[in-house]
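Heads up, the next two complexes both have chain A, just with different partners, chain B and then chain C.
What follows is the complex of A and B.
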């Protein structure tokens, strides 16, 4: 009887863990799904995690191979009579004891070391007997070094990126919603042609018209100017389309009533239609922010002066200039990705539902 | 709370200021042009930008492609007819790029025609499997959806530098391989491995976008169809091929067209990751256009325009064929 009871509890625990909504227990397809998703988790997420962890490693720690999992730094000690802090080593002596010594310099396969407690006596020790003493250390100075080594230019890049993103998004929202309002709430000759003209630009990839776009920007005198990146991108056809489809669902009676009250057309647009279109505006805004912040090819062509670089351009040029300064490069990579990571956490639902319903990016 | 609402009120007032200024202006304009022409007032800003930065450039591009010299402005450029196209197509033997006068164009073209089918196939395959998994009743669905989607938000430069850091000679991947007893490989130095990672990384970065679209398509399929199939004891594989795939076909088509158009235009990630190298092993068409038109001296705008027009034309033909095929399928 008791045995049976134990078996029963055991099976009920198993059932509790694998219990699911709807069906009774996990079958093999469920297990396969979980294995696939966990594998996906590893492949999608570890690269990002690895870069963030690496950005907190000291330059010496970064050059190690094989790389250490966590950021480490050599422990150092300040010894009287020596200006610079000296790295500590655990040294195995010939008697098999382990003593902690500070290294002065390395000479071939030997190292000159001193005992911090007794700094007068210099010892010569084979390198193979010495293990560096290390502790986990977050090298936040990578980030402060990044600020100082660019001579404050990094703030310039951040400002440029923010300026382009914010101004372009505001203009996009206003211009697109104005056009969408005209194309959804008025019947007039040429409206279909205007809609077709705007939507036809969907078929023209920006890369295909790169040369003439650059020429027009140059003709407007905007090469090396942030406005040269803002203006070519504001008339997004997807934005107009999305907003128009949304505004079509707003009842015309609202507009009729406002006209009865002698509201001007602009007032109708600004005070009635725009507030009611807020959900669609949010989707357009998010996609505009995303694509302007991450934009690369157009800024690369138009923004030729260093003072006008965006964060993305600066980051790309760092990777060739500071090729070996991985400490700075990784810190800057992390910083560039950070704002979007935060945006993602808060806006994921809007973004995914926006993509799912429109297929735009 | 009150400080926050005060702040909100203050920003609201500041934001409303330009709007207050615009309102009488627009009212004046309405009196001037009449209510009938107001829609054009609303349309003109957007239409101007569309014409200036999208429609006009197409025609200017055509002019660039049939004119020569390194001058930027069209009125400085002499007409040279089809010479730019002739230069691009000037080849001793079309199967061997090194016999062409513009061998890089042919190498970029070759790379693109290999890259696009592989990348699109792998990406849609992986995105479909992921969407199918995420469509099941599993724990942590929102979490996993976020995990697969978030690289879409990362900038291409960040993605490229991240993977460069992992793939470099002393990087994490080689460290892992050393730990399990394999010889480290200098991944981005050999043409084949560099090409492999180019495909891998672009799929890694963009598959989440297509997963979300496919997932929405899957969720639109009514559940009771599957219930009925289970009643008839259909196998999971059979209900996938007989229910899921046919009902998902329209969404799959959209995803396919979008993926091809984006894949053909791949530039940012590879430009930062490999710079088109080693040699020209990962140089695609858009990078060729950029190099010829903007990165080399003298700048050859005519050649860049000719190459980009050919690219645009290829995309147009591809989309038209796809639409025709899908319409034919719908009539069946």
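What follows is the complex of A and C.
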């Protein structure tokens, strides 16, 4: 009864998030729930947030220890007679005053500084008395450098990744749903055997079949070709199983009605089964997009030319060619994760809405 | 013209024989109701006529052409399913036109048929809605509309009213009857509700365990049931059955005798029946003459008196714990514990032999 009253008011997001079991004050289960949920949020979301924040840090800021929470950059000033901008420091003088000076260079425990207002006079200050002047600074150049340093190849990687993800997902959805339709709605000898055989492939790790897969791809002449990554994985046992289980819940009477409506089997599949399986298809699509976008091993083996690299391969290559360019690496990681987030946000509403059961009764 | 002939059709699922052989002749324009308890094979029979179920043996002819090997869509029949089986992702208009689009009918003709059907069923204002936005009765109309647009020779209804509430059921019953009068098509209607059968049918087919028990006009079945099953199934509330034996009275008449009860003379019984062991006397609740004076018949004790206002039902027990239900027109004065004396009114009784077959008619 208490739950009912609360659910009724839960129409807005605010009410939804703050709903609780106790009517007036928080029940102990509410405390438990919120602590648990917050803990989960922190554990799962902190690394993501850290990557995103760090991608806006300058290289100097990234290598600092202890690391700063927010991206900072040293404030600089352009002084006459010096080409490069000079970093500013707050210096405590022997009299206890604080003055803002620009540093020319550092020698051992001392630093040569000048007053920006009076650039002729050079002062020698112990480093321990100088505090760098810093401000929060979002290093957007990490992203622009990413585009310029790869010489436009980044767009090629993006295209490759998108092409593989989208084409492979579409083919996966069609292949899996056709198999699921046959396994759920047709009664034929060996249908259960077929299902078991498909599910049994789950027990074989992908790494075990990597070499055979490569050999087949090589025989087909698809090494270095994007299709060499797309084709080996278009049929997934989890996808078939998930879709089959969902299609079992679509009433047979709908199919019989369609059959009496002169619909061919193909048309039944296309016009009745597929639209009604939308929630399950969305789930399979998300799985497929996730795994295809993040796939590393198969592209690494198959895609040997730089022009055919996916984003993930390009990411890995940052740590080999230039040493580790953390600034670029983090920026690219952020960019790489974004499409997945969007795919999920767009598709998740399909997961929650079941359509199939509404037409019956 | 659309006559339907079933010739010794059989159906078995594996080793289970569901329909051991049915012969039936249905004339053009008839409203035929298949009625029977659940599991009697009436739906299977209908689905075989529709072509959704294969026939194990025998022949189905529509207009003297065998359709056993014709696909469901090409038999010229349309079916209204128990669950309506409306396509949940399509609007009402799309639901109605789906079958016509599948045979590539011209667009104007589809529009004409859809609007005709919608007008006939008064669902014009619902055409752009989806099934889940409709009430049960409206869905029912759409399901019938879908059958009408196909302009079939024979309409098949599979328990179409079982998902509606009692009040709506009565309304739809009348509407379907009117629809039949207007369209004049052959209609076959399956139900387990004998009231639907009685009120709608031109011809009732009573089925039990896949065997036709009796075929005939509703009142014909009511007045002259061929056996004890039909007698018990047709008519609500049920006919009362009393087991006993037939004896010959001194006057040469036949009398019915049951254990602990005085012999009841059956004045109009065929004298050739003679004395017989083990017969069953059947009397409908409304066919009793009730008297408060002793000597006029069998004494019964009133257990529960149900007052319907316009009529009353008295649940009584005869000596030997035999339950007897008595209908009394108007409002009964009988109370719990009263003793009434009952006897069948005139010829309004039925006699069945040890095998359950009607005798003396």
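Everything that follows uses one rule, which is that the second predicted complex is superposed on the first by the 249 of 361 C-alpha atoms of A that agree within 3 Å, B and C clash if a C-alpha of one lies under 4 Å from a C-alpha of the other, contacts with A are read in each partner's own complex, and residues count from 1 in each chain.
The rule is short, and it goes like this: a contact is a pair of C-beta atoms (placed from the backbone, for glycine too) under 8 Å apart; a residue touches a chain by one contact, two chains touch by 3 or more.
Remember, predicted model here, so these are calculated numbers, not experimental data.
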Partner chain(s) touched by A:84 [first = chain B, second = chain C, both, neither]: neither
First (chain B), second (chain C), both or neither touched by A:109: neither
Which of chain B and chain C A:117 touches, first, second, both or neither: neither
First, second, both or neither for A:276, with chain B first and chain C second: second
Of chain C and chain B, partner touching more chain A residues: B
Chain B versus chain C as contact partner of A:290, first or second or both or neither: first
Chain B versus chain C as contact partner of A:178, first or second or both or neither: first
First (chain B), second (chain C), both or neither touched by A:196: neither
Which superposed partner A:267 touches (first chain B, second chain C, both, neither): both
Where chain A meets both chain C and chain B, residue numbers: 264, 267, 355-357, 359, 361
Footprint of chain A on chain C - complex, ascending: 50-52, 71-74, 77-79, 81-89, 98-99, 102-103, 130-132, 136, 146, 150, 163
Residues of chain A touching chain B in the complex: 20-23, 29-30, 33-34, 36-37, 40-41, 43-45, 47-48, 50-51, 54, 63-67, 175-176, 178-179, 181-183, 186, 188, 191, 194, 197-198, 200-201, 203-205, 207-216, 218-219, 231-235, 237, 240, 264-267, 269-270, 290, 293-294, 296-297, 300-301, 312, 315-316, 319, 326, 329-330, 333, 336-337, 340-341, 343-344, 348, 351-352, 355-357, 359, 361
Chain A residues touching chain C - in the complex, by the definition given at the top: 251, 253-254, 256-264, 267, 271-272, 275-276, 355-361
Of chain B, residues touching chain A in the complex: 19, 22-23, 26-27, 30, 35-36, 38-40, 42-43, 45-47, 49-58, 60-61, 64, 72-74, 129-130, 133-134, 136-138, 144-158, 161-166, 170-172, 174-175, 178-179, 204, 209, 212-213, 215-216, 236, 254, 258, 261, 265, 267-268, 271-272, 286, 289-290, 293-294, 301, 304-305, 308-309, 311-312, 315-316, 319
